[in-house]
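For reference, the structures are reproduced in the following blocks.
You will see subunit A twice below: alongside subunit B first, and alongside subunit C after that.
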Partner chain A sequence: MPIEIEKLNFIYAKDMPFEYTALKDIDLKLQDNKFYALIGKTGSGKSTLIQHLNALLIGSSGKIKVNNFEIYTDKKNKNLKNLRKEVGVVFQFSEQQLFEETVLKDVMFGPLNFKVSESEAKAKAIKYLKLVGIDEKLFEKSPFELSGGQKRKVAIAGILALEPQILVLDEPTAGLDPESAKEILEIFFSLNKTIILVTHDFDLVYSYADEVIFLDNGNLITKRETVDFFTDDELISKYQLELPSLLNFQNKLSEKGFSFTKKHKNLKDLIKEVIYE
Partner chain B sequence: MNIIEIKNLKFTYDNKEVILDDVSLEIKKGSYTTIIGHNGSGKSTLARLIAGLLDKSGGDIWVNGLLLKEENLKHIRKEIGIVFQNPDNQFIGSSVKDDIAFGLENKCINPKEMDDIIFKYASRVGMENFLDKEPHLLSGGQKQRVAIASVLAINPSIIIFDEATSMLDPKGKKEIKDLIKNLHKDSDKTIISITHDIEEAYHSDYIYVLNKGKIFKKGKPNEIFNNSKELNNIKLDVPFNVKIKEELEKNKIKIESYNSVEEIVENLCRLKLKN
Partner chain C sequence: MNNFTIGKYLPLDSFVHKLDPRTKIIMLLLIMGAVFIKSGWIGYFIILGFIALSLILSKIKISYVLNAFKPLIMMMVFLIVINVLVIKEGNLIFSYGFIKIYDKAILDTLYISVRLLIMISASTILTMSSNPLDLTVGIEKLLKPLGRFNFPYEDVAMMISIALRFIPTIIEETQKIMNAQRSRGVDYEEGKIKEKIQAVLSLIVPLFSTSLNMAEDLASAMEARGYIPQEPRTRYRDLKYNIKDYIVFLIGVLLVVLLVWVSYYAI
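== the complex of A and B ==
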């Protein structure tokens, strides 16, 4: 049950002095259980786009289908609650949305809202808090008394606890320490669900994403397989994109006459081929 | 000269859990110091203590030779600017312009000059076309840029950046990091950057590593990043060039210098020619 977006336009502050078209004629089809990275520079429209996937923003025109839900841009939408159970969104600066009295209650809120029993909600909250690396000591603390990274992890646990089919994550690892960032990515990866990850960390994109969706100034420039994307020299230089560290290293070696059988996805294999070629 | 000196600093929020435990550090005037450490290790707490926004539970802090205490607070706060971890907590103005202007207002600047200063700092972070926009309606990266401009405009001699560039795109991050670097080179400002960006730490003058509220290690980047196992154990990592060096060593290959990826590639070329 894929995601289909057709000719989606979105305008902020329509008919007001600050009117701004943030998305222009976006056409996008996403398959089930794939890992997508959504990239593009500051202000390109990434956060705007993902908020359409659970109908938090409704397009000015166009069509969106998510699983069996159709989100209309021209009439009232019903059943949004069910849609929001299937599409879990972790917002950028999600740490700001914590509001309950305790960490545990905050994570339980989502499941309870979807009519899960108290005890089951609690079990889920505990399970996902532990999974993201929140120590039990913090469960009864107020979310406002956590560090920035701890808050972020709690916000992520809150969405995981809904067990949605589609997970949309807006900069989930910004502000996490390197080990936690890796652990969190591994969690998403191992869920085998449809993942849409908004990130500026191209090293993460290179190691985890099946495909890259690239936005620029509200336009969808391309969507394609990750290695394909980063090896399109023309595109990379046109948009002045940085390369993932590993690919950059491999390219520099190639320029100096080292030859490779393929683009490597981890350093260990790359070094093996350099040494034993 | 040390512009900041901290001796045996202790801190607790609730009189139960010790958050900072016997932290001592020195920061040289005009230096670019980074503080790294796992989530919850106490970095932001330390920043708030230095800026006089929290009361210590023990120990002493000196800023520019002045002991941090009630009487000196007003003076010390003038010297220190802090860009908070979450830009939304920092915005005061209802437009980008007002927000940058806010810090300037108690500095007796004539209104004509004011507009020039606002424009100057907004352009430095590439936000000159957003002056009338409401800060809360900006994208994540745009918010971080404005938060930085608002603190730069006040022109404090010490600036603390708490994860201030975590949401910027790679090119934007580079530009802002260069801006910060130049600032510290050209005007002798002292920069303290709290960051999870290992590459940024690698290019700073001096690093303090915090672990569970204690100073775990301190030193120059090459002294800090010489052992990935040790850092991995406390949830941190080493820069990419050090990872390559260690991977080569696992395969019994030693190269002389590994300060950058380019240098490593050169070294590998020479080895290849020899064989």
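== the complex of A and C ==
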């Protein structure tokens, strides 16, 4: 159940003096159960693009197909709810979406909207709250009493409880301490779903993503395998991208005479090769 | 809501843009007052002509001003329908079953529409041609005489400027929260009453909490930069009237005098 985007354009405030083309002729095909990283500068169109994936924004022209569900840009779309069940979006600062009286109720809110029965919604809520590491003692508390990091986790559980096939994450760990950030990413990584992660953190991209989608100024510059992307020196210097620290480290080791069989995506593997070879 | 442009400031370089905001505010008040002088169609044509002139001088495209009317069309239609049906004076010109339309009803309705048109376009020109910050400084200066009666004019002006500053931010926040809740299956357009209440709650509660947080942050930031409400503040850029402002001001007064004259002698 892949995602197919064809010649997608999006224009903000059409016919106004501040009209602005946010996406230009985007062509993109994403496969199932892969971990994609969507990167680009602020204003490059990342957030705009992901909002098209569950039809929060409808393009000005072009075609989008998600799991055989076609989003039309030229006529009214029906049953968008079915699509939104397939594509779960965790927005930036997602803790802002909390509103229910208790943590548990808030996580149940999503499934209930999609006509899941009360008891099933509760079971799902408990399952995913536990998965993100929220203690049972907090279930009956008001979400507004929690700490920032806990709120974020509850909000994420609220999306996971929808059990979408595709997870879109817009900087889900921004503003979290490194420990919680890592915990949360490990959870996403373990889910075995199609994941599209918007982030500025290249270290995360390098260790987790299968492929990198790179946007600049509304244009899709490239989509390719992560190591391939970061070892393309021409591209990296053209867009003045910073290398992931691990890759940088390995490059420096190579300069000093170490030889490697491949680029390593985590520190452990790198150390193993240095020690045992 | 992405196309929320009513009265959004358009930074252009024009005669109207360069006028002192106080002049523009007073002109708006004069026009608002002038609309209610009973000077008939001649008077309205004079005012409309004046508005057309300021539109040309402001270099704002007419389509932007017309855009400001879009959200009001429904209201105007409603108003016109009610008016035409309710007013029962003058000569009967149309009758079908219980629907009876009189000529005076149509005339009155036209008057009301033109008045609305004048007021909305005048205020749109004001906000489109003045930087919100300048506008609040203008309001503050105009309210200053009330300070003698212990009216906290500086605080009021500060509140107005903060409110104006945060309109786009709040709209953006609303949009963000709506998107987040839509992704959780909320349907803001359709649904039963119970679902609708839930949908509105899912928007209002987060919006209040973010707004309160923003207000708190802003208050801290202002205090950190030494803002004390009771103390007098100096200004980086002060407003100054120049010859253009006096001329425009004079024209405004002449306009009102002309309308009063028309109302007495021409009809």
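Some observations on this one:
By our rule, the second predicted complex is superposed on the first by the 274 of 277 C-alpha atoms of A that agree within 3 Å, B and C clash if a C-alpha of one lies under 4 Å from a C-alpha of the other, contacts with A are read in each partner's own complex, and residues count from 1 in each chain.
We adopt the following convention: a residue touches a chain if its C-beta (ideal position, glycine included) is under 8 Å from a C-beta of that chain, and two chains touch if they have at least 3 such contacts.
Everything quoted here is computed from the prediction, not taken from an experiment.
Partners subunit B and subunit C, brought together by superposition on subunit A, clash. In the superposed pair of complexes, A:Q51 makes contact with subunit C only, with no contact to subunit B.
Once chain A of one complex is fitted onto chain A of the other, the partner contacts of A:Q96 extend to both subunit B and subunit C.
Using the contact criterion defined above for the overlaid structures, shared-chain residue A:G110 touches subunit C, although it does not reach subunit B. With both structures placed on the common chain, the touch criterion links A:F144 to subunit C but leaves subunit B unconnected. Comparing subunit C and subunit B on the residues of subunit A they touch gives the larger count to B. In the superposition on chain A, A:I159 makes contact with subunit C only, not with subunit B. When the two complexes are superposed via chain A, 110-118 is the only one of 110-118, 164-172, 200-208 or 236-244 in subunit B with C-alpha atoms clashing against subunit C.
Residues 12, 96 of subunit A touch subunit B in one complex and subunit C in the other. Touching subunit B in their complex are the following residues of subunit A: 12, 18, 40-43, 47, 92-93, 95-96, 145-150, 153, 170-171, 174-181, 200, 202, 240-242, 245-246, 248-249, 252-253, 256-258, 267-268, 271-272, 274-275. Across the interface of their complex, subunit C is touched by residues 12-13, 16-17, 51, 54, 56, 81, 84-85, 87-89, 91, 94, 96-99, 109-110, 113-114, 144, 158-159, 162 of subunit A.
Those residues of subunit C lying in contact with subunit A across their complex are 2-3, 5, 10, 61, 64, 67, 173, 176-177, 179-187, 201-202, 205-206, 209-210.
Taken in their complex, subunit B has these residues touching subunit A: 13, 37-40, 43-44, 85-86, 88, 132-133, 137-142, 145, 163, 166-173, 196, 198, 232, 235-237, 240, 243-244, 247-248, 251, 253, 261-262, 264-265, 268-269, 272.
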